[in-house]
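All chains are identified by letter, namely A, B, C and D, in their written order; residue positions are counted from 1 within each chain.
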Amino acid sequence: MCRWLAYSGSSILLSEALYSPAHSLIDQSLHSRLGAETTNGDGFGIGWYGTPATPGVFHSTEPAWNDHNLRELADHVSSSHFFAHIRAAIGSAVQQTNCHPFRRGRWLFMHNGFINEFAAIKRELVLAVDPSLYPEIEGQTDSEVVFFLALTFGLEDDPPAAIEKAIGLVEAVAARRGVSNPFQGTIATTDGEGIWAFRYSSERQSRSLYYTTDVPTLRNLYPERQDLARMSDDARLIVSEPLGDVAGVWNEVPEGSCGIVGRGHDELRPFRPRPPTTAVPVAG
Amino acid sequence: MCRWLAYSGSSILLSEALYSPAHSLIDQSLHSRLGAETTNGDGFGIGWYGTPATPGVFHSTEPAWNDHNLRELADHVSSSHFFAHIRAAIGSAVQQTNCHPFRRGRWLFMHNGFINEFAAIKRELVLAVDPSLYPEIEGQTDSEVVFFLALTFGLEDDPPAAIEKAIGLVEAVAARRGVSNPFQGTIATTDGEGIWAFRYSSERQSRSLYYTTDVPTLRNLYPERQDLARMSDDARLIVSEPLGDVAGVWNEVPEGSCGIVGRGHDELRPFRPRPPTTAVPVAG
Amino acid sequence: MCRWLAYSGSSILLSEALYSPAHSLIDQSLHSRLGAETTNGDGFGIGWYGTPATPGVFHSTEPAWNDHNLRELADHVSSSHFFAHIRAAIGSAVQQTNCHPFRRGRWLFMHNGFINEFAAIKRELVLAVDPSLYPEIEGQTDSEVVFFLALTFGLEDDPPAAIEKAIGLVEAVAARRGVSNPFQGTIATTDGEGIWAFRYSSERQSRSLYYTTDVPTLRNLYPERQDLARMSDDARLIVSEPLGDVAGVWNEVPEGSCGIVGRGHDELRPFRPRPPTTAVPVAG
Amino acid sequence: MCRWLAYSGSSILLSEALYSPAHSLIDQSLHSRLGAETTNGDGFGIGWYGTPATPGVFHSTEPAWNDHNLRELADHVSSSHFFAHIRAAIGSAVQQTNCHPFRRGRWLFMHNGFINEFAAIKRELVLAVDPSLYPEIEGQTDSEVVFFLALTFGLEDDPPAAIEKAIGLVEAVAARRGVSNPFQGTIATTDGEGIWAFRYSSERQSRSLYYTTDVPTLRNLYPERQDLARMSDDARLIVSEPLGDVAGVWNEVPEGSCGIVGRGHDELRPFRPRPPTTAVPVAG
C-alpha cells in the first residue's frame, strides 16, 4: 500500500528521520517488512512546516530510494514538524497529484490503505464533498477524497469527529452499494501543531501503526545515547512500520484508535466511524 | 493553448507528418505562429491505429521538441490513421492523465482551447456525465470532461450531434452560472475510420483550423512533386496551424463548422451547439 | 542488478513476450526471484527491429511495472526481433542515457552485471575507446563503456571476438590496478539478424542465463498447446530468469559460454576473454 | 542557451528573487528577451547555502514555468546565498546530471553558453581533467567539463586564475583542431561566500550579464521603496538578463570581464584566458 512517517519535536534535518535510522522509511521504499506490498516505488511526498504559515510540500513520481532531490532536500531542510509518505499505487496513476501528503491551507493529510471497490462508490463520495471545495480536488485517489470529505465535515475544527464522519460516510455508501470491508488503513493529519493519527479498518484488521515512547522514559532506558540527549522532551515519531530495532522504543497503536500528539498533552482514544447525521444524497 | 494534427490516408511513418514538414508540429511546440501561446511545452500525446482493435496512445509530460522516445516512436511506427497533440497547460497539472488524445475503446478525442471559468462549473458538468462512465475520468482537464459529456450524449453513434449536445450543455450551465464565452476551441475525434473536426467558440472567434486540399488536385498543381505521387488519393491532414508554406495546400475550416473526413466522402457543415433536451440537473 | 530478454522468431506483439507469461519480465521488475536485487525499478528499455534499417529504442526512467507508455507500445508494436531490459541502478543515475539496450547503427547491446570498482578504472577504459567513437558515449554506465570497447574491437565484424577483447581489456586493466573480480554478468548483442548472448564473470559465478528449447521439440512435448502451434520453428527467447514454469522449456547457458542464435543455425561455445594484442596505453 | 541568477545578501525566500520580480527568471524560462533562445524549457537547477557545510542542489528536467516542486521549495526555503539556472539544451540530453549548477564540496558552478564543436575536442579536454577528479564527472555537457578543468587548475584556491586556464586550454585545443570561436558565455562560481562572475567569448560577442547597483545607492534613488529598506547593504544580484525595469538598478558587466562580489569588497577586472603552462597532452 504505502508507508508513512510523522514527526513533531525539536527542529531536525529531515534526513535524520528519513535516512539515518536502520530500516528507515527510505529503506522501506525498497524493502518493507510489514507492508501489504514490499515495494513502495510509485512516488513519494514530504510536507514540512517552517517560517511561512502554510507547509511546504514536495511530491515526486520517482522511487524514493534513488531520488537525488529528496536526498538534497532532506540534507538541507530542517523542521520541527513534518510528514513523509512513500507510495505503492493500486490502480491510480503515478503522478504528483496522487502523491501524499495532501495539503489545504495549514493542513496536511496522508493515508496508508484504500477504499474497497472505490470505482463503484467514487461518484457518490465526491458528490458529498462541499461544492465549494470540489474544484480543489486534484488527483484520482481514494485517499484525497477522504481528505476532502473530512474537510467538508469540519476537519479544521475537530479532526477526530471529521474523520469519523468521513469514514462513516464511506461505510454508509458502501453498505448501500453492497461493497464489503469498505475502508482500510491508517491516517495522519496535522495543522502544524497537533498530529492526529488514526488506525481503523471496517474489517478490524488494520494496517500497522506505531508511535515512539516519550523521550524522558527513553533517556532513562538508554542514559548513554547521545541522540536521545539531544532530542526535546516532547519529540514523537509516528510510523506505519518501526524504524530501527531498539527495544522499548516502539508502541503499537491499538486497532480502532485515534492518537493525538502535541498541544500540551498526548492522548490515545477509541475511534468509531459515524455517518454524518445530515441525509446523504443518493446519486443517480 | 495547444496545437494538434490529425492524419488519415495511406500508411506512413508518423515522423513524415510530425517532423518532416517545414514548420512541423514538433517545431510548433517551441515556436507556434498562430497559437494563443507560442510555446507548447507542457507535454504531448499521440494516438495511432494499427492491427489491434483499439488505438495505441503515447502520452508524455516532456516538451515534445527534445523527447527522444517520441522521435524513436515516430521513426519506427507506421499508421494510416493517427492523432498528435502538443499541450500548453492553463491551470491543470503537467501529467500524463491530462495529455490528449484521450481514448475510450476505439475512440480518440483531442481539443485545443478551454472552458472559461471551468472551476465554477466543473462540478455541474461532471455530474452530467453518465454515472457508469464517471469512474473512467482520469485527469483534471476541461477537455476530458467535454469528451465524457460527448460519450454520454452518444459520441459513438453520431459524433456531431454528441459534440453539439456536449457544448450545448457547457453553454447552458455557464449561462445559469453567469459565465461568459464559455467554450473556445477546436476538437477532433475519430473511431479509426472517420475523422470529425470542429471549430467553434461561444464568442465566434475560434482558434484556427486547417485541412489539406485533396491529393488529386494537389498533384495537378505540383506534377513534379514525388511526395504527392506516393500519397493515396484520400490522404488528409487536419491541423490547428498549417505545416510548410506551399500555396494551395491549406484551406481554413470556417468559423462554426464541422468537417468530416473519410468513410467514402468528405463534408463540411455548420456546427451549432444545442443543449440536451433532457433536463440538466441543477447541482446543489 | 538487472533483468533482460531477447526474442527472435515470427513477428509477435511485444506484450506477448513482456507481459503475458507467468512471472514475466515486467513482473520481475517488482519481484525477481533469481536476481541479485529483487526490485528492478530504476528504468527500463526496449529495442525492436521493423521496417527501417535501424532498430527503434524506447528508454524510460519509470519503474516498468506501472509504465503506461510501455504497456501501450507493447500492445501495439509487433516485431520479429527485439530486446527488453529492466534496470536496478548501482551507483549511476536513473536517466534515459543509462538505460539499456544501447544502440549504434543497426546494433543493440544490453548487460546484466557490473564492472567491479568501475570508478577506479573507468578513465583507462574510456581512453581505450576509439577516439572517433568516444563522443558518442552518452551515459555514465560501465555497461555502455563495455559496448564501446566492443565496437572499438570489431563488434560489427566478429561479435564473440570483440566481446572477448573488451572483457579481456577490462580484466587486464583491473589486474594492473589491483581490482579483483572485475567483470560480472550476462550480455546480449544483435544486428537485427543474429543474437549473441554471453555468460561470464571473472570469478566464475555468473548471473543466470537461460534459453528456450527449440519449438519443434516443444511441440512434441506439448501437442495440445495452441501458442506453440502459432510459433515459428526458429523462435527463441533468451532471458536472465525463466518466464513461467513449464517443464522442458528452459535450458541454462553454461558458465563461461557464448550462445549464438539465428543466421541458419544455433550454437553454444566456450567464452574466454583475451586482452587485445595491441599494447594498452597506460594512462597517467 | 540558458539564463541564470546569483544572489548574495541578507537571507530571503528564494521566491523573492526567482518569482517576484517583473520579468523574473521563471518568466524568462518561457519568454526570454535577451537570450539566444527565447525558451529555456529543458530543465533547471538551484543551489543554496544554509546551515550544512555544503550547499543543497535541486535539479529538475521539467520546464521551470510549471514545476510545482520548484515553487514549493522557493516559497519555503530561505538563503543568503544561492544560484539558479534555467536550461535550453543544445545537443545534450535533458537529464538531471546535465542541469546546472554543478557542485563539488562547497563549490557551485553554472554557465550560459557553449563550447563550439564540442564533440570534436571533448576527448582531449576530458583527458586534461585531473584523473582523481575524472570519475566524478556525471553528465554530458561542455559546461561540466569546463567546471572540472577549472577544479583541475585550482578553482578552490584562485577562481579567476583557474577559469582563465580552463578557457585558455579550451582555446588552445580548439586552435590545434581548427575549431573557431571555441568558447562563448557567462560563468558564475561560488564557495558560499564570494561570487565570481565571468563574461567572455572567443569572438568578443558574449552573452549578456548584469549586476545590481549597490543597495545604499538604490535607497538614495528610491527612498520610498520598502523592499530596498529591508535589504542588507551588501545584497547583490547578478543575472544573465535584467529582472524588472526599474531605472538605475542594472549595470552591464563589460565584455571580457570578471566581477567579484563579497568577502568585504566588490571588484570588476579584465578577464583574459591563458592556457596552462604545463604542456597539454596531444591525445591520439
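The criterion applied here is as follows: a contact is a pair of C-beta atoms (placed from the backbone, for glycine too) under 8 Å apart; a residue touches a chain by one contact, two chains touch by 3 or more.
Predicted model, so just to flag it, every value in this text is computed and none were measured.
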Remark   = When A-B and A-C are ranked by contacting C-beta pairs, first place goes to A-B
Query = Is the contact between copies chain B and chain D built from the same residues on both sides or from different ones, judged by whether over half of the numbers are shared?
reply = same
Remark   = The distance between the C-alpha centres of chain A and chain C, rounded to whole Å, is 42
Task = Name the residues of chain A that each touch 2 or more other chains.
result = 68, 93, 96
Request  = For this assembly, give the contact graph shape among line, ring, star, complete and other.
outcome  = complete
Ask   = Which of the residues in chain A end up touching chain D in this complex?
value = 13, 48, 50-52, 55-60, 68-69, 72-73, 75-78, 96
Task = Give every residue of chain B touching chain A within the complex, in rising order.
result = 93, 95-97, 119-120, 122-123, 127, 131, 134-135, 138, 140, 281, 283-284
Chain D - residues contacting chain B, complex = 30-31, 38-39, 41-42, 61-63, 66, 68, 89, 93-94
